[in-house]
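Each structure below appears as structure tokens.
The following pair of complexes shares a single chain, chain A, combined with chain B in the former and chain C in the latter.
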Partner chain A sequence: MTNLLEINNLSVDFPSRRGQVSAVNKVSLAVAKGEVLGLVGESGAGKSTVGNSVINLLEPPGIISGGEIIFDGTRIDQLSNEEMRKLRGTKIGTIFQDPQTSLNPLMTIGKQLSETLIETLKISGASAREKSIELLDSVGIPDPEPRLNAYPHQFSGGMRQRVVIALALAGDPDLIIADEPTTALDVSIQKQILDLMKSLCKQRNLGVIIVTHDIGVIAEIADRVAVMYNGQLVEQGEVTQVLQKPKHDYTKSLISAVPSGDQKLHRFTVVDYIDGSTEKVTLENVSDHWLSRNKPSNTHDIAVSVKNLSIEFSIRKALFRKNRISLKAVDDVSIEIKTGESFGLVGESGSGKSTLARLIAGLYTPKSGDIDIFGHNVLQKTKKTKTSLIRRKMQMIFQDPYSSLNSRMTVEDIVSEPIRFHRSTRNQSEAAVVVRDLISFVGMPSTSLRKYPHEFSGGQRQRISIARALASRPEILICDEPTSALDVSVQANILNLLKDLQEELSLTMLFISHDLPVIRQMCDRVAVMQNGRICEIAETDTLFDHPNHEYSKHLLGLMPRMDLFRL
Partner chain B sequence: MAPLLLKGLMFYFILNRLAQALLVMAVVSAISFSLFNFVGDPVNNMVGQDATREQRIEIRQQLGLDDPILVQYQRFMLNVVKGDFGLSYRIKQPVSQLILERLPATLELVFASAVIAVFIGIVLGVYTGIRRYSWVSKIIMSVSLIGVSLPTFIIGIGLIYLFAVYLRWLPSSGRAGVIELGGWKTSLLTVDGWRSIILPAVTLSLFQLTMILRLVRAEMLEVMRSDYIKFARARGLANRAIHFGHALRNTLVPVITIIGLNIGGLIAYSVITETVFQWPGTGLMFIQAVDFVDVPIMAAYLIFVALLFVVINLIVDILYFIVDPRIRRGGS
Partner chain C sequence: MEKLDQLKSRWKRFLDNDIVYSFFTTPGAIIAACITFIAITAAFAAPLIAPYNPFDPAQISLWDGKLPPAWADGGSSAYLLGTDNQGRDMLSTILYGGRISILVGIAAVFLGMLLGVTLGVISGYFGGFTDTIIMRIADVQLTIPGILVAILINGIGRAALPLELREEFAIYVVIVAIGLTDWPQFARVARGATLVEAEKEYVQAAKLIGLPKFTIILRHILPNTLRPVLVIATIGLALAIIAEATLSFLGQGIPPTTPSLGTLIRVGNEFLFSGLWWITLFPAIALIILVFSVNLLGDWMRDALNPKLR
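Right after this comes the complex of A and B.
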């Protein structure tokens, strides 16, 4: 079998003021026609840089400093910009991560498709229109003709990614480079998109490079897999061999760090190969610490009780009531969270799980229903001070560690703000001591206090968020997808930290995730949500082993095939 | 579904904006009416030093200045709606006629400078946005800094010195070559007219031009970093299609707002430019009216400028609606 693409000893450097940063170091890869090569690694491993250097679209100031890229027998890394442009689209198609931002928002789908077709295939406008309909049909968009006049925002995320694939296929390329094509999508849509890509690869005899951080995706789609770590290729081989009998230590620990949906373990396996991820959480004796002081003895068994809660968002405003359209984001939901338990909330995007969390946290006001926290109705307008005292016992950790910290405040200010606001320490110096304890409590060095959020990685920022949440001495912690923006290895560390904190401080936790294996590891009981309604509430093990509701079964069926790479 | 729904939404949207515009106009007219009562006694300016008490009282009665305020306001509003702003205190002619006579001069000046500012501003903005590091871009950006920082009258005087006094290519002031065209006096149809409008139009446009240039460049740099531009490159589209088909249109969304506000600004700034170049427009008339405390002209001018701002903003809102399909959703 001749190779479609060969990369030999590729090195990519990013020159900077502090000297060269080597993003890719002597990587050699090959892809044949009709083959899917998975390129896996964590963020910063250089996997996207490999993909970008094939199509010569490196982010400046990156340059290819060594090696060669051979496509279909000719060397392409030294082509001029214009020659390279002619290769893009017609020979090599690219799919990017986020379908929300990959399409021009001001141009109709049809216009973007026909523009690409006219440029790459040199055909007339009329036949481009026909070909566009054909393409949309082939990527599984139903009733394609009227949709040519639609704008990107009128499509759902999965449909948009199909449009992106159609655009990448427009010039009839031989090679597709897909950079995290399903990371921004739901599990069920991820499966559809991967199936589509797989079948297109076989039908059209395409070579596909799929760049991802998600081993589940690799297990699903790839024929061969290459593992990158720190700019270097550590292992390459058939997918079953690499996933079941990994040779390199990094691969081994990476695979074992993927949370298992099959059985519950006490702790998450940490990727111990990665430098710097070995930071141990030093739990001091917290029983006589400030964090546990002042804790009123709670006699309530039920921490949070939600009864018949509903909220609507208006999608279209109009003068007349009959023209208005509103969406029931949370529809008649009742749940009870016991004191000290971990309660999981699982569902796809748009199922209303985040909205429910925000309702409980008091960030939205419900249309109807009741919320009791430790037996106190927080929706009643009376007794404001009592309500705010109760509210303070609840804190939230958000999904995106980048936008949830104020970038103009130091870490010390961020963490101490709740303390200062509530005046919960006797004086300034006690507050300073508490902040230092908190930050070391979440596994960060005390030198980080004077730094600003942008100086930290995603995982470190999430630790800062946790420290901030703890600073108001909560009894209930709401975690809204706390690790879905993070790498597997970092995820394991953060989840272990949350587990430890919960035990030490006997917190009640509402844990929201779309990731079923993570839910299985974290939670005692789980509620499954769909379209704003609760489908099923059950003990975690019961749900995973014997799901009752059809939708729960459907969701569980979409879990990545873990059996493929369990040792 | 698209066209019908679009029409309905558009109708609702425009109705909404019209209601806001009416409110703005009501407030402005109230303010301009209050000018009559708070900016000194107009009678003092109209009669000589030696006028008798009886003469003064007679004039006050003629002008209706003795009536209760609400009666005066009602009369003022009724007349305004009919387009009657009263008599100028100084020239003793109807204000609306004075404004209409001078309006073409101002509108042509504003139009010419808006075209210069928008056209050159966008072209240079796109150029400097795409070729960010070329030396031409660097020169354009340095020169544009001067355009932003120098006041209009200095630029005007400088241009007069260079082109009218030193090189003697263009006239230094006034509006020449005026032709009557169905009640509209235009100077855009003769060579003399063109020669006389160049300097004031360039002067007036310079500030707006540099603003638009810098805004378009900043937006362009932002858009060129976006994912859909990267994806367009990855599809092998030509640079021209990427820069003008994809990038430029996306930069226009915020730029339109600023341009709309700035055209209003052009009219406001035209007061200074018209004074420097002795351009016989409404701005010059306004300055002369201020000197003389000619309240009817000032009030009418205020209402007129507000009306222009409101109309331009309405047009901008509609343009927004046309350019960006996402706004058409109506909600959220």
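Right after this comes the complex of A and C.
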């Protein structure tokens, strides 16, 4: 089998005013026809840069500083822009991450497809229309003919990504480069798209390069895999061989950091390859420390009790009631979280799980229903002081580490704010000591106190958020997708930290995630949510082994195939 | 010693800052900043560097009135840019007039910013009815040309003052008039930025800590809305200087006894057809240079602070 695409010793540099950054360093890859190559790595590994340099769409000021790219026997890295443009249309198709932005919202699907077809295949409008229908049919869009006149917003995310794939196939290419094609999609749609890509690859004998951070995607679709770390290729080979018997240490740690859906581990295998965090300092005698002081002996077994909670968001405002449209984000939900347990909330995007968390935290006011925290109804209008005292025992860790810290405050100011505001230490100097303890407790060096948030990576910022939450001495910690914006290796570190904290401080935890394996590792009990309703509440092991509700079964069936990674 | 090292590292970090870097690599910004700096220093150091004091009757002689610039026929080397009809040295009057123009501009922008940002942040954070009321008032004000609003407020302000105080307080009336005209721009920008910031998770974290609303606004939201506000404040400064000049030109602003650049242009305008061009031309050039450089600075700042353009 001859190689369709060969990349030899490719190097890409990004010159900047602080010196050259070498994004890709002497990478050699090859893709044959009918083969799916997975290019995997964490953020900043240079995997997308490799993909972009093949189609000559490097973001300025990036330049190819060495090596060659050979496509179908000819060198393409030195082609002019015009020649490259023709090649991109006809021989190489591209699929981008976000189907929302890769289609023109002002043009119908049919127009976009036939425009591409007429340009690349030089055919007439009528036959372009026929070909478009054929293409849409081949990417699995049911009843394609009337849909040619639809606009992108009339399609769902998964459907839109199918249209993008159809567009990429329009010029009848030999090679497809897909950059994180399923990252913006829900798991259930992810699987469909991957299956489609795989079957198209085999049917049409295409070469496919899939760039992704997700080993699950690789396990699902790739024939061969190349692992990148820090601009270098650390390992490549057959997918089963690399995933089951990885040779390089980085690959090993990357694979071990992926949470497993089938069994519960005590702790994640910590990857020491990445993230500049220091070891977490275990405080001596946590029970004597400020953190545990002032803790009333709560005799309530139920930390949070939610009864028939509902909230609506208005989608269309109107003067008359009948014209108003509203969305029931949380619809008649009742859950109970026991003191000291770790309660999971799982569901796909739009299922209302984050809204429920914000309702419990008091950031939204519900339309109806009751919330009791340690037996105190926090929604009643009287006893406001007691309510605010109780509310303070509940803190939240947010999804996006880049917007959850005020960029104009130093880390010290951020962490000490709750202490200073509530005067919860005896004096200033004790506060300073406590802040220092907190920051080392979450595994950050005390030198970080004087820095600003932008000087830290995503994982480190998440640690700072955790320290800030702890500074209020919470008894209930709400974690809203705390690791979904992070790389797997960093995720493992943060999840371990949360587990440690929960044990040492005996916290009650509400853990929200769309990621089933993470839920399995973190939670004692789980509630499955869909369209604002709870489908099923069960012990974690029961749910994973014997799901009751149809939707839970469906979700579990979509978990990436973990049997491939048995070390 | 440690202090010195700290200062050094701070300075290094300052130079490393993207905005500072962008400043030193944009020649336009450097030139504009230099001219603005020179103009402001010259204006404020006017009593020290001006060859005459135009407000001191002892230094004015009507005999020297209407002299052309030094290089023209009949010019005197004692008066570089000539003299006006009352025999005041043009160079000195421009320096003193520039001082008043800049002072009025800065004070008016500051007033407009104070009012606009306060209302804008309140409007953005609380939303609902408060928001509707504040922003509709702003909208209504924006439908009337700014200079008309300023003339109106200025007229009301003068009428409210007793006759003998009018001259003395004219400058404050002008500041208030321009400040009250300016605020809707600030309110809109501050409201937009507040809407963005209030949605961010650090604000929600602050709510969970239990901070009261006004602490959240002051400590968390306000500092994060100041970037765009700073940009329009710089551009607003140029506009305020022009607004003051326009008011004075129309005879509504600063009286001729303590002339601003606008007053000088108006006074000179009366003599333009008698061939005394210098009385109006030099203040006009000074005004143009000042406004142009402040505007350039504002443009650069808008680009440098906009992450999308970098």
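The rule is simple: the second predicted complex is superposed on the first by the 499 of 567 C-alpha atoms of A that agree within 3 Å, B and C clash if a C-alpha of one lies under 4 Å from a C-alpha of the other, contacts with A are read in each partner's own complex, and residues count from 1 in each chain.
Just so it is clear, contacts are C-beta pairs under 8 Å (C-beta built on N, C-alpha and C of every residue); 3 or more make two chains touch, one makes a residue touch a chain.
Small disclaimer: the values here were computed from a predicted structure and weren't measured.
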* To do: Determine, under the contact definition given at the top, whether A:223 touches first (chain B), second (chain C), both, or neither.
  => neither
* To do: Kindly classify A:422 by the partners it touches after superposition: chain B alone (first), chain C alone (second), both, or neither?
  => second
* Touch count on chain A, higher of chain B and chain C -> B
* Asked: Once the shared chain is lined up, is A:94 touching chain B (first), chain C (second), both, or neither of them?
  -> first
* Thinking of the overlay built on chain A, is A:407 touched by chain B (first), by chain C (second), by both, or by neither? -> second
* Asked: Touch check for A:312: first (chain B), second (chain C), both, or neither?
  -> neither
* In the superposed arrangement, which partner chain does A:107 touch: chain B (first), chain C (second), both, or neither? -> first
* To do: Please work out whether A:86 is in contact with chain B alone, chain C alone, both, or neither, and reply first, second, both or neither.
  => first
* Asked: Touching chain B and also chain C: which chain A residues?
  -> none
* Structure fact -> The answer for chain A against chain B in the complex is residues 55, 57, 85-90, 93-94, 96, 98, 101-107, 115-116, 119-120, 149, 151, 153, 164, 167-168, 170-171, 313-319, 325
* Structure fact -> Touching chain C in the complex, chain A uses residues 17, 358, 361-363, 388, 391-392, 394-396, 398-400, 403-408, 417-418, 421-422, 465, 468-469, 472
* **chain A-facing residues of chain B, complex** => 2, 12, 226-228, 230-239, 241, 245-246, 249-250, 253, 323-326, 329-332
* Asked: Can you name the residues of chain C that touch chain A in the complex?
  -> 21, 200-202, 204-211, 215, 219-220, 223-224
